Each structure stands twice: as structure tokens, then as C-alpha cells.
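Structure provided below as C-alpha cells; questions to follow.
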Amino acid sequence: MNCVGVVDTTFARVDMARYVIEVLEKHLAGYRIVRHTVPGIKDIPAAAKRIIDMGCEGVITLGWVGPGQVDKYSYLASSIGLIILGVMTGKIIIDVTVHEDEADKPEELKRIAIHRARTHAENLVALLKGGPQALTPKAGMGIRQGYPDVGPIK
Amino acid sequence: MNCVGVVDTTFARVDMARYVIEVLEKHLAGYRIVRHTVPGIKDIPAAAKRIIDMGCEGVITLGWVGPGQVDKYSYLASSIGLIILGVMTGKIIIDVTVHEDEADKPEELKRIAIHRARTHAENLVALLKGGPQALTPKAGMGIRQGYPDVGPIK
Amino acid sequence: MNCVGVVDTTFARVDMARYVIEVLEKHLAGYRIVRHTVPGIKDIPAAAKRIIDMGCEGVITLGWVGPGQVDKYSYLASSIGLIILGVMTGKIIIDVTVHEDEADKPEELKRIAIHRARTHAENLVALLKGGPQALTPKAGMGIRQGYPDVGPIK
Amino acid sequence: MNCVGVVDTTFARVDMARYVIEVLEKHLAGYRIVRHTVPGIKDIPAAAKRIIDMGCEGVITLGWVGPGQVDKYSYLASSIGLIILGVMTGKIIIDVTVHEDEADKPEELKRIAIHRARTHAENLVALLKGGPQALTPKAGMGIRQGYPDVGPIK
Amino acid sequence: MNCVGVVDTTFARVDMARYVIEVLEKHLAGYRIVRHTVPGIKDIPAAAKRIIDMGCEGVITLGWVGPGQVDKYSYLASSIGLIILGVMTGKIIIDVTVHEDEADKPEELKRIAIHRARTHAENLVALLKGGPQALTPKAGMGIRQGYPDVGPIK
């Protein structure tokens, strides 16, 4: 049976996995969804590795990043880890992060998080079901997650 | 026999391992606890590797980071190392760090260190005993270590 | 049959792959061109790995980088990933990126993107067809992509 | 025969290896000491790898870091390399660095370098001879190299 | 037949390889010299890997780094890649870089580049012919490339 992973954290202030799982359940019939919750972003790459070792074809990770410089270094380290995992395995790993300093108002941050999680879940679905060219019709189109698309330069 | 590792440093100004071991001994009956002390944070990833090579299922590392820019680069390098170790092995590695510039008063720094060490030791216990979904009830709940939880955005 | 890969993103605001493919089709007769579109730059290294696993000899990647500090860390992480992939496989991976803060006017950004994509596609062709010394006549000549060549220091 | 490595550079302005070797000769009877000198810090990780490939159980590396931002990036890259070597091999690698901007006066810099080299050589001896808990009596004690110990927070 | 590699770029504004090859031809009789030119610094680590895969014992890489922050991140990524290659293979890789912001005047930059390339080529020769202790007489002597030696601290 195909399987797909969702990694999230207790540090995050929005339950992004809930919105991701809605998308995955709707579009990936026949896939088992494996959720794995860890404390924070630095724990995400190893969790994604454990999910890949269970035989999953793809993983979406949901990180929440604080506003300080140390948080940004943690973001960098975590990003490097997920990218190295991708380079080692070739698996599809969609790395979603929300940064606390992206918005002043919590409700705006929540809106960004939900939109970003949902649209990246759709990206994961497209790549798993449609293959390497599934997103090609949108290539160079200035697509954004969490914000309105900016579009291509005319 | 199951085993779990605790890596700490002589650079740290609080004996965080003592509080971690209290938690582990209370909740991980039947586990051997392996402690390994190294000079500073840059020595931690290789020490964690040695503990994993002894057959341990998880490791908690207790780093102490100075306030300067070079210290932050050492933090970044050490974080990358632990994350790569996690990505190579899939083991549960809880990376706890306390930064000297987190608080002005030493006693506050000590309080942060003890709380963070204890609560992350509880996270390690949960993941070892409860598996990938053990922390899922707290996913997106804005849990913090060393500070009060901030909670989810309403 | 020889194959060459083109990785691009939906985040980009210019369809750089179109210009790259024009160059590759013109100069690499007998090569199959494999395109793979992913959401953003952090997804590029794993996509390049998937293309190399299909047996391609070279890959050109087309990243678009936002103007913020977090975007630059993503650029760094992505660059490290592609470089590690190159170090692991020895394959020719030409990593093209355009940074949104390179120009004030969108039309200038588009001009940079197209020129850079085309000239780096020519670099990929040269290395694939001409071998390690194909670019040696231009060594130390101050060649630029997206801007006029600055030339050697006299 | 057991062996232990010392890697140093021609860039450094103090012959730290001399002080390190004094400590190692005094305390590691029966160990062969292998010295390897390279130009600068970016050459150190591969040199440490060569020494480990000779069968040595531990290595101490003696880096000297310039004051500029590029020097600090070189420090970061070198630190990551040594940490990855440690994570790959599990060997004990003590990474000593002195930064030219640590002190205004050269003689103070020299004092720091000698003290740091000697005390870290003692750390290497302790770990090689005493095993993973050899430094545990000093865990959390605020030990410093190059400066007076700051001690634990009361 | 022994072989040694020289990797350079079309981005550089000085043909440093010319000066390096002069030194190598003079001092490494019996070595085949393999040159490999790539577009820029991010392409260097994979090129060095290709040269090592040809059986060469050492490589000297000649990078040219722009003055902007993105250029410095590219420098960092490239440095990490070369260091990881060194840690994986144990080969001698001398990583020479010239930074455009090292000097105001182009002629001074050219002087730095030539001197640095030549003296590091001599370092490569010394390590290949003389082994791990070939540079030990200069350890801690404050040797510089591109600038006058600063000497040891008295």
C-alpha cells in the first residue's frame, strides 16, 4: 500500500497537519497517511527519515520558526538536513515553514499557515500522482503559498 | 537491554544531565542510561554517534552556547551535525541548547536550563515509549521549553 | 540514449526553462531532455537527484530567490544540497539562480533571467560535449551571466 | 600501537602543536603521535580524515581564524567538516580554534592559544584514556579554555 | 602515472591556473596535470570530484568570489562542498579563493591572485612530495598567501 508522511511539531501555534490531512485524504485515495509529531524544527529531518524508512513515497513537513537569529540558524540547519535527505533518497519532501515574524497579527499568521499548508499539500499530491511534469504548467508563474500569487513578469 | 544516551558538556554552567537523568530513570525502567561528557557543543555530534553505535535508541544532547557570533556559528555547525546524524540513522536525537544571551540574570538562565532539560527529557520518553504519534495531541499547541507555553492561535 | 535534465520552479516569475530547452534542443541532438518542475528552490536538489537517477549526464537547475534574509538562507541550503549532490555523483550540475533584489524593475529582472538561463545552458552544452577543458579558453576572462562580461584584469 | 593525531597550520601565529605534543607525550605513553601540518583551517578536516585512516583513535586540530567575515565563514565550513567527520567515524576529534579578534594584544592572543591548546590536549587525553565519563565530574561546571573557568551557576 | 588536478573558472578575472601550472610543471615531474574549467565557484566541488575519480592524488581549486552577500553565501556553500569532498576521500584539496572586495585597485587584486595561486601551488607540491610533515617547519609561523607573512607572535 502506498504511504505518505506528515511531520509536524508541538512548537507550532497552528495545527497545520489537520488541513494537510484533509487535502491528502481527499486526493490520495489508497494511500496510508503516517503522521509523526516532534518537538521542533530541528527534529523534523530525522522524523522524515523514519517515515521514508517505513516505505513512504513522499513527506510533507510543517515547521514553525521563531523570530530570533538563533531561530533562523535552526531554520537553516533544518533546511539543510531535509535537503540532504532528499539528495540521499530522491524522495519528494515538501518543506513547509511559517516564520513568526511574517506577520504582526496572530490571525494573519494563522491564515498564512493554513493557506501555505493546504497549497503545499496540493503540490505534494500533484507530484505524487502526476510525476515530474505535473507542476510544469505553472512553471515560472510566480506561484506563492500563504500569499496571493505574484504572477509571471510580462 | 534498551539504552538511551545523555550527552553533556563541561562548558555548560548548569548540570542539566542531572535533571534529565531523573526524568529518564523515573519513566524508562528497563533502559540503560549512557552518559557521555565532552568539552563543548562542537564535540556533541560525534559523541551522539558513539552512543548510537553502542545500540541506543535515542539520545538527548545538552548544549550551552556563548553569546558571540562565533558561538552562534558553532551552534549552527553543531546543529547541522546532529541533524545529519539523525538523517543518517533515523534515531531520535533531542537537541537541547541554552544560549547565554537568553537571560540577563544567571539564576534565570539556570531556571530556563533546568526546565528545558526536563521537558525535553519528557519529550524523549514520549517518543521512545509512545512512538511517532505520542506527541500528536500537542501538535500545533505552541509548546515551549524553558518558557511558558504560548498556546495555539485562536 | 543520452539524457539531460532541466529543473525549474513554480515560484519563479520567468519561464527560464523555455529558453534553456531552446539551447539544449539546438545543440544536444540525440539527447533526451527531462524537465521536472517543483514548487521552490529548496525542492530543487532532490529533483536533480531524481533526474540523475534516471541516468542523465547533466542537469541545469533554475532557481528564483526572494529578497529577504530567510530567502537567502534557503538559497544557501539549496546551494549546499546541489553541491553535495555534485560531490556525491560527479555529475555536471549547473545551478542558475536569479535573485529578486538584483534589479528594481521587473523587465530588467526578466532580461537577467533569460540571459543567465541561456548562457548557462550553453555552459552545460559545452561541458557535456567538449569535456573538462571545453571552457578553458574562457578561464579567467571575467565571464558573467545576466550581465556584460567584465573581462580579465589587464 | 595506538596512535593519536595533531593537525596544525602554517597560517597560525603560535606553534600550538608544541604545547599539545608535550601534554600528549607526558600522558599517552605507548601512543604514536602523528603530526600533520596544512596551510589553513579549510585544509584541516581532510587532514584529520587522513590521520583517522592511518588508524588513530583521536585527533586534536589547531586552527587559527582571521578577523573578517570571510574568515568566519571559513571557520563555519571547517567546523561543519570536522563535525561531519566525527559523525561519520565516531572518532574523538577535539577542534581547537583561536580567533585573531579575541584579543587586542598579540601577547594575550599567544597566552590564550597556549592555554587553550594545552587544556584541550588534556581533554583529549582524558577521553582517550578514561572513556565517555572521564569528563563527567566537570559536567556543567563552566570550564573554559584560554580563559579562567566561569564556574557553575549557583 | 601520478596525476594532479587544477580547477578554475570563467568567472575569475585572472588566469590563475597559468601560474599554478608553471609551479606544478617545474616541481612535479612525472605527474600528469589535469585542468578542468567550470563557470563559477559553485561548480568547483563537483569538478574536483571528477578529477579525483580520474585517480588524481591532489587538486588545487581557483575560485573568484564577488563582493555581495549572496557571493559570500556561495563561497560558504562551495567551501563546505570541497571540505566534505576532502572528508569523504582524504585527498589533498587546496582551495584558493580571491575575493573581489579584498582590494580597491584591479592591479592589486591581480597581484594578490597570482601570489596566492603560486604559493598555494607550492603548498600542494610540498604535501604531495613531502607528506604530512612537509609543511611542519612553517607551522605556527603566520604564513600568508597574497600578502606578506605576518610571522609568529614573539
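We call the chains A, B, C, D and E, going by the order they appear; numbering starts again at 1 in every chain.
As a convention for this text, a residue touches a chain if its C-beta (ideal position, glycine included) is under 8 Å from a C-beta of that chain, and two chains touch if they have at least 3 such contacts.
These numbers were taken from a predicted model, which means no experiment stands behind them.
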Partner chains that chain C and chain E have in common: none
Fraction-based call for chain B against chain A, same above half, different below: different
Interchain centroid distance [CA atoms averaged], chain A/chain C, Å: 24
Chain centre separation (chain B, chain C; CA means) in Å: 40
Shared interface positions of chain B, touching two or more other chains: 76, 80, 84, 88
Cyclic chain order when read starting with chain D and heading to chain E: D, E, C, A, B
Footprint of chain C on chain E - complex, ascending: 8-18, 34-39, 42-43, 45-51, 53, 69-70, 73-74, 76-78, 80-81, 84-85, 88, 106-107, 109-110
Chain D-facing residues of chain E, complex: 65, 72, 75-76, 79-80, 82-84, 86-95, 99, 120, 123, 127, 132-136, 138-145, 150-154
